[in-house]
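After this come two complexes, each holding chain A, first together with chain B and then together with chain C.
Up next is the complex of A and B:
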């Protein structure tokens, strides 16, 4: 049923495109389509990376962090600051922006969320919501609501004579891939990574086995914040941003983890690519499509929750 | 809750209404508008409280009903030439229909998923409102003919508030409300005891959609200009939620009290510290969720400052 829905969802932009005569089926159009899909896949890598952060927190603590998108937004601003105030290359600046983010996530967990893990599930939701609000307006107080952007590698690679890929986009994709693989390896091989997985499977048993689960919660939250900020840095070199863009990233990340399956990392990667491809198809084929891309995340999220709440790869039970 | 209590509470409400009736002739238009918006937020938090306080389905996107109502009224008045009171009444109906459409899928979700799905629904509707230019005039917004109407809208809002309070009071003291509470406490148990949970959840959502839609309609007519970004503004949801939570969700007096106190505070801080006040609100939500999950009322009842039945 989900497969049927996805087929319909992906063919809908084509149908509307044909109806409104935006689809031509000549060589140039096909090359454009290939470009768009390729760009979507690359964008999806970045989405997937910050969605993995959200799904990690959910998997380990059963908390939905509504401030995740605001973390992405904060990452974009950290990158902007390091570029314009300190003169660093945004990617190089990750050497210190990511540790800052890790510390921030650690502190949020230590002082706010550790007290409410395992309680009623709506309390942390409301608390992260309040946190996100405070972050938006704190950033707004400093930077105002103006859209900011970073002029970084604006030129593009010519793959064939018609298929073109933006340089900043390719760099972002590669960075996202490197970071995601790094996190996977950490979770797979490192002692702390194994402890994180153990805690997400069963916190009580993990505690009995001598794992300090509150410590693990703080590490998880730190890694999640670092992933979000890394996402923000990679977004900031491609698009403009302002303090209020955060909520879009929260909803995108949430749509991705719903689609991929909650608490499932590979699912989040696949979901990220699928959402981004969907978005680029919409913006490519619909009239006035760029304004409508946000619909993809909301629609996908609501329908997947209805048709198959566990998503593509999620566990059968909650 | 005896009949005597009912009469006492009704008297209390009547006293408030009389006091509020003295506002328009006594004070300036600014104060009048302030009280009108205060009453609007009382309506909004009471409505949010019906679905989220009694039924336990925390909505993060309730502004969608408010926005829909604002737009329904504006379109009917400006494009179709209806009288504004008729349009406001019709927008209540539009809100109810919209609640059924949106509730049919979304009410199957539970807990955080419902919350996020509502947030998504609200944001999605905003995007549609911006892009469906032929119906909503797009991002340009809709402008009403320019007139001074602060007195009529004040009275309309007062009437709507009285109805909303009475409905909320009825919900709080009827079998209907008890069934909603049962859904909040344990939906499966409620269903096994013969409560038609699907119907009651839908009824609660529809009830909590009608009043914001009508209040939004009146508000749009008062401000004379509406546009998607401000009518589907997420901050309005935050206000509803925060006011109701601060006063005490799941009670009648809680949201009223919360809206009265916090809206006054926000108006004061808004004038003095335009940006800082929203940062403070964010921190305030965290503190309320962490330390006062049952709000002022729960806080008072826990400490024995108020009798439990008295404050409902």
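Up next is the complex of A and C:
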């Protein structure tokens, strides 16, 4: 059922391609297709990394953080500031931008979300919504709504005669992979990581087993914010951004965790790659169809929800 | 252990109402140190609520729980736990998607080195005969085994006071005998203070030194097992209702 559905879903871009006469099957076309898929996978790795941050917050606290994309956007601006104001390489600057992000997430949890976690679900949702808007306007006040970009490693790697990969994209992917693996290892091996997983399994049990769940919430929010900011840094060296781009990243992160399964980390990685590959396939087949790219991507999400309400890696039924 | 009349913990005029329900309505008692005590009373008399107030699971409307000279009412559950009071639940609270061993480790203090925590977990699993099931998921255990696991987990931090909410309910006879032997071991060999909520009168009368009886959120009697058995208020609370 699921496999059949995925085959159909991923045939769709090809059907579109045949209709728009963008499918040729010659060597050059196949090489282009390989490049597109490769780019999708690499982009998906970056999306997945910050989606993991969103899924962590949901898994541990059952809070839907709609300001997550704004944290990504903030990461892009932190990256921009470290590059243009301080003259730092944005990737090296993560040595201090990520701790700043962690601290910010920690404080947001301590002073805002801890007060409403476990209560009615709407309250934290509205709170993060307000927080997201405040972040947009705060950044707008300083930087205006102009698009910014960072000229970072604009050249490409020639993988084979015909397959070319943007350097900044490859670097971003590798960084995202390293950071994701680091977070997975922390969650798996470190005692605080284990306490985070224990809390997400059952906060009531964790609380009576001596785990300071409010402390765990703060660490979780800190890590989540750091992942978002890392995501922001990695997209800032590839794409332009303005204060409103965060919304797109929130949607993407949501689509990814819906695809992968709420609170499921490996699922988020798979969901990230699936979404990005779908997006790049569609834009390859339909060069001028940005709107259709989004429709297809979110259509994919809706259909997965229909078949598997808890995502690809979640249980089959809700 | 030498006979003492020391008090491990004092409950002072505790109150907790849920809307119109006076679950605990001015309850006081002194928990004797190093002994096994029982807390009994009809269904809904407020026993579990007392445990919840003692362990920070619920906040109290008023009153105090004094432990080592400090009022611990309204602390968070993890704070109470880390002070050396651990408990089990009427409806077991274990991680269903973690193995027995992981459940055990989850209750270890972050201040204790992990190797030490592992050793302690091994020892306690052996103690409650769960070692053969160490890799089994919590959700796959029988109800009785879950109770044993919860009991063993409650001992991970070597607590001074152990509160057990209906340890015998749903546990088969062999397991129950095992459990009672462990409880006696803890009291006799390690000087632990234990308070047991239980409906099984055999357990209460044969294993507790001191018994507290609750009805409608207040303590209506306390004493030795035979005193309680012959107490008219207790008989009335259990059998004849006003």
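Note that the second predicted complex is superposed on the first by the 305 of 318 C-alpha atoms of A that agree within 3 Å, B and C clash if a C-alpha of one lies under 4 Å from a C-alpha of the other, contacts with A are read in each partner's own complex, and residues count from 1 in each chain.
The criterion applied here is as follows: contacts are C-beta pairs under 8 Å (C-beta built on N, C-alpha and C of every residue); 3 or more make two chains touch, one makes a residue touch a chain.
Because the structure is predicted, anything quoted here is derived from the model rather than measured.
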Are chain B and chain C a fit on chain A, or do they clash, once the structures share the same frame?
-> fit
Looking at the overlay, does A:86 come into contact with chain B only (first), chain C only (second), both, or neither?
-> neither
Check whether A:198 is in contact with chain B, with chain C, with both or with neither, and answer first, second, both or neither.
-> second
Quick one: classify A:141 as touching chain B (first), chain C (second), both or neither.
-> first
Between chain B (first) and chain C (second), which, if any, makes contact with A:1: first, second, both or neither?
-> neither
Looking at the overlay, does A:208 come into contact with chain B only (first), chain C only (second), both, or neither?
-> second
Identify which of chain B and chain C touches the larger number of residues of chain A.
-> B
May I ask for the angle at the C-alpha centre of chain A between those of chain B and chain C, rounded to a multiple of 10 degrees?
-> 90
After lining up the shared chain so the two structures overlap, which partner does A:292 touch, if you call chain B first and chain C second: first, second, both or neither?
-> first
Smallest inter-chain Cα gap (chain B/chain C, superposed on A) in whole Å equals 16
Chain A positions within both the chain B interface and the chain C interface are none
Complex contact set, residues of chain A against chain C = 191-192, 194-195, 198, 201-202, 204-214
Which residues of chain B touch chain A in the complex?
-> 58, 60, 105-106, 108-109, 111-113, 115-117, 119-121, 123-124, 127-128, 130-131, 234, 238, 241, 245, 275-276, 278-279, 281-286, 288-290, 293
In their complex, what parts of chain C are in touch with chain A?
-> 55, 57, 76-79, 81-82, 86-87, 89, 93-98, 105-107, 109-110, 114, 153, 157
In the complex of these two chains, what residues of chain A are touching chain B?
-> 64, 66, 112, 115-116, 120-123, 125-127, 129-138, 140-141, 247-248, 251, 254-255, 258, 288, 291-292, 294-295, 297-299, 301-302, 305-306, 309
